[in-house]
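Quick heads-up: structures coming right below.
In the two complexes below, chain A is the common chain; its partner is chain B in one and chain C in the other.
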Partner chain A sequence: MVSGYAGATLAEHVWHSLRLVVVGFFCAALAGIPLGLLMGYNRPAEALINPIFSLIRPIPPLAWIPLAILWLGLGDAAKVLVIWLAAFVPSVINAHTAVRGIDGALFAAARMLGAPRLRMVTEVIIPGALPMIFTGLRLSLQAAWTTLVAAELVGALMEVGFVLNVAQQDIYPSMILVGMVTVGVLGWLTTKGLVSVERMALARWPQGRS
Partner chain B sequence: MQNLSLSPGRATALALISLALFLAFWFVIPASGLVSEQFLPGPVAVVERVVQLISQPFAGATLPEHLLSSLGRFLGGFLLAALIGVPLGLMMGWFPTMDAIAAPLLDGLRFIAPIAWVPFAALWFGTGIGGPIMIIFAGAFPPCVINAWQGARCVDIRLIEAAKMLGTSNFGMITRVIMPASIPSIIAGLRISAGLGWQSLVGAELIVASTGVGFMMVQAQANIAASTVVAGMVSIGLVGLIIDILLRRLERAVTQGKQA
Partner chain C sequence: MGSIRFENAGKTYGSGPGAFQALQNVTLDVTEKEFVAIVGPSGCGKTTCLRMVAGFEPVSSGRVMVNGQDVVAPGPDRAVVFQQFALFPWKTVAENIEFGLRNKGLPKGERKSLVEGALQLMGLESHASAFPHQLSGGMQQRVAIARAYVLDPAVLLMDEPFGALDAQTRVVMQEELVRLARVQPRTVLFITHGVEEAVYLADRVAIMTKRPGRIKEVVDVRAIREAEKWDDLERIEDVMDTESFIHLRTHIWKSLREEKGASK
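Up next is the complex of A and B:
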């Protein structure tokens, strides 16, 4: 931990990996949730976007790694791109289904009461879709960590995954185990963090608000 | 949900427009020289490359050969996961002690990404067949266990009581009462685990394999052969889709057979 391995201490490796996951995950959520909400609410948008989405979706995110490296080199940019891709899909799908699951009567009532578009979004769509959006975010976060490990194993210099790879070449099982456990703990901790954000958000926009 | 839903005709038209736009963009961007063909091959180049790869070997084998070795590994890992995971899940659903022992272990392992096993897999089983199979197993195993367990927990209590009254043994209980009743849940789990297994396989092959589509893509990336990389992506997507469709068929056949 203090003496360092593969060119950096565990704390440095962890910091570097965590940053990649957080950046990829946030960009994915910021792009994916609005897109999913739009697809759920607007039928023409859905008809336009869905075919492209279902064309790209069967390709596993990990299969993008070689192309990402080809485009962006072995640095962090390629990893963030792949993490973004992996986290993007669950965000979109869950936001999309979430809006579809909102009771149609709520929309009809809001429209009848003359709610303007913006209030429709803040008062009907967001509270109604929030629980499922968070389910999607949890899946996204998990996908982000899985992808990070793969991306770092394929080609990296200073991350947790890289420690795994170096340790394997040195045949140093206890170091491999440290790497695996660290990845597991980080995944667990970030999920915990997300769950507490979810709790706060659900308290702020409760579902049955009058 | 908007009340104004689209007519089927308009929906199809919009879908066609979007696919046409997608293809057009994909075609125009490299063709116009905005991005070099070397980095983003157009659709025509990719199709040409796929056709070429069918007869012409790359990285030691043709595309069908790479696909076959990937599929062989996938089947090995997936079947192993199903053969161990499903009975384990059913037993966990039936024996409370078993559940108490295995559940915390599985919960802990769930947070470790399948790909994180790669170094151990390579160390223990090598990079030929054993290592990748272990990674697929790590990806495909949890859904098998979890769904079999859930299925076993949801069996109608009256069935269990009737069987108990008739003096069914533990073994008979699992094979003749719990398993048949949990088949739909088990098959749903197999679908999830096939998807995860196929994904893990791709990841494993990128890192440790010496044949297979993933290996082909890494070699292509090292040689800056983007059209081969994209050809690999397309074939991985297609095979994954076919696996999913087959399992969905099976799922439908089983649920319909149950209703009949």
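Up next is the complex of A and C:
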């Protein structure tokens, strides 16, 4: 692999893919979790956002590819947008459901204990929702990887998906397998990373409860 | 300071033909440092009474007042002990107890000594840094009581606090509460469906009718407790064995049974 394949070494392909996934995933989490929390806690916000969200949700992220390319061109921006869309949905849904699942008595207790609004968010809503937020993040990460390869199959010059594309044209099955295994390993490694973050973040939470 | 007053308080859910009347003309006075238990058939709205004092639900008619002020919202002057404890699972025992004090804006040093006092009061010293799920139900409810007591509330509202505990733990907690009431007397409104529990704990027992609930009778237990010297008896079973206790219990049972019969 010293001379590389499809215009770059494996490390370069991997680095490029990883960057797309990480950027898309983080943007999705940063936008999706607060939106989901807001929908879970604030009825008017839910009434406003949920119908729009429910309409967009069933559209497969890949269906956005043509529009993404038209809007943002063939570069990384279009791919990040598609990955973002795919990862955004599970983050929102899980954060939303998580807040809904918090024991109502905890809200009552916090109000009775005089918790101001901000502390209600930081010390009741977010901690209460955290285990399920992480479930959502895992799904988001998975969705990001799944979508990455599809996004890269369309007009990429580097990245793992591009390797698959070129190898297909070259009728080079072993290289296709290398590409597939690479995606598998990357997905597994990033999920492992996320799980260890989750373990640290949820150290205070009772096991097996959400 | 700590008095509770229900003045023709009513609660109706919804409106029009589908309206559901839960409470009707509830009138009851709980005076300073008095322990009043409300018993009633299930679904009579006794928990709603407590939730109105706590400020979780507004009254539909009449008034509910604490210290002469109409209740408008929940607040730490009316501490609630919930049946399902409602402790924050991600906070330690000490952090749970401290939460209300932080909201009050007390300085750190003062909070620390108050939390220590509350831990000691409830025999929780060795569990300060444990998480609720590591404790038994009885211990969790001790934490919830400590969390309420530490706020130094005007009134203490207890909503079937021992209903989720096993029979033996319940007895221990009942004795504990009587001990607490002697060490640190408070105005307490206690909701229960346990007649024995009510007679054992309360100064007065208010009996509610079936839905729409109102207070049909208030039994003065304190006069009998003092006349019969229940407090000289150490154990709950000895108190429950006295003729006067049995008489009161039977009287309240009969009164409740009339309500159950009336609903058929």
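Structural remarks
In the analysis below, the second predicted complex is superposed on the first by the 203 of 210 C-alpha atoms of A that agree within 3 Å, B and C clash if a C-alpha of one lies under 4 Å from a C-alpha of the other, contacts with A are read in each partner's own complex, and residues count from 1 in each chain.
One rule holds in what follows: a contact is a pair of C-beta atoms (placed from the backbone, for glycine too) under 8 Å apart; a residue touches a chain by one contact, two chains touch by 3 or more.
As the structure is a computational prediction, the values presented were derived from the model and not from experiment.
Upon superposition of the two complexes on chain A, no clash is found between chain B and chain C, which fit side by side. Legend: residue contacts after superposition of the two complexes on their common chain; A:R100 is shown touching chain B, with no touch to chain C. In the superposed model, the vertex angle chain B-chain A-chain C (Cα centres) comes to 100 degrees (nearest 10).
Annotation for chain A, partner touching more residues between chain B and chain C: B.
Touch criterion met: A:P116 reaches chain C, while chain B stays clear of it.
In the superposed model, A:G32 makes contact with neither chain B nor chain C.
In the superposition on chain A, contact of A:W145 is made with chain B only, not with chain C. Residue contacts after overlaying the shared chain place A:L62 against chain B, while chain C stays out of touching range.
Using the contact criterion defined above for the overlaid structures, shared-chain residue A:A47 touches chain B, although it does not reach chain C.
Contacts of A:A108 after superposition: both chain B and chain C are touched. Once the two complexes are overlaid on the shared chain, A:G24 sits clear of chain B and of chain C alike. Superposition on the common chain A brings chain B within a closest Cα-Cα distance of 8 Å of chain C. Residues 108 of chain A lie in contact with chain B in one complex and with chain C in the other.
Residues of chain C that touch chain A in their complex: 54-56, 73-76, 78-80, 82, 84, 86-91, 99-100, 102-104, 131, 133, 147, 151. The touching residues of chain A, counted against chain C in their complex, run 103, 105-106, 108-116, 119, 123-124, 127-128, 130, 204-206, 209. Across the complex, chain A is touched by residues 1-6, 10-11, 14-15, 17-19, 22, 39-40, 108, 111-120, 122-123, 198-199, 202-203, 206-207, 214, 217-218, 220-221, 224, 226, 229-230, 232-234, 236-238, 240-241, 244 of chain B. By the touch criterion stated above, chain A contacts chain B in their complex at residues 40-44, 47-52, 55, 58-67, 69-71, 99-100, 102, 104, 107-108, 145-146, 149-150, 153-154, 161, 164-165, 167-168, 171, 173, 176, 179-181, 183-185, 187-188.
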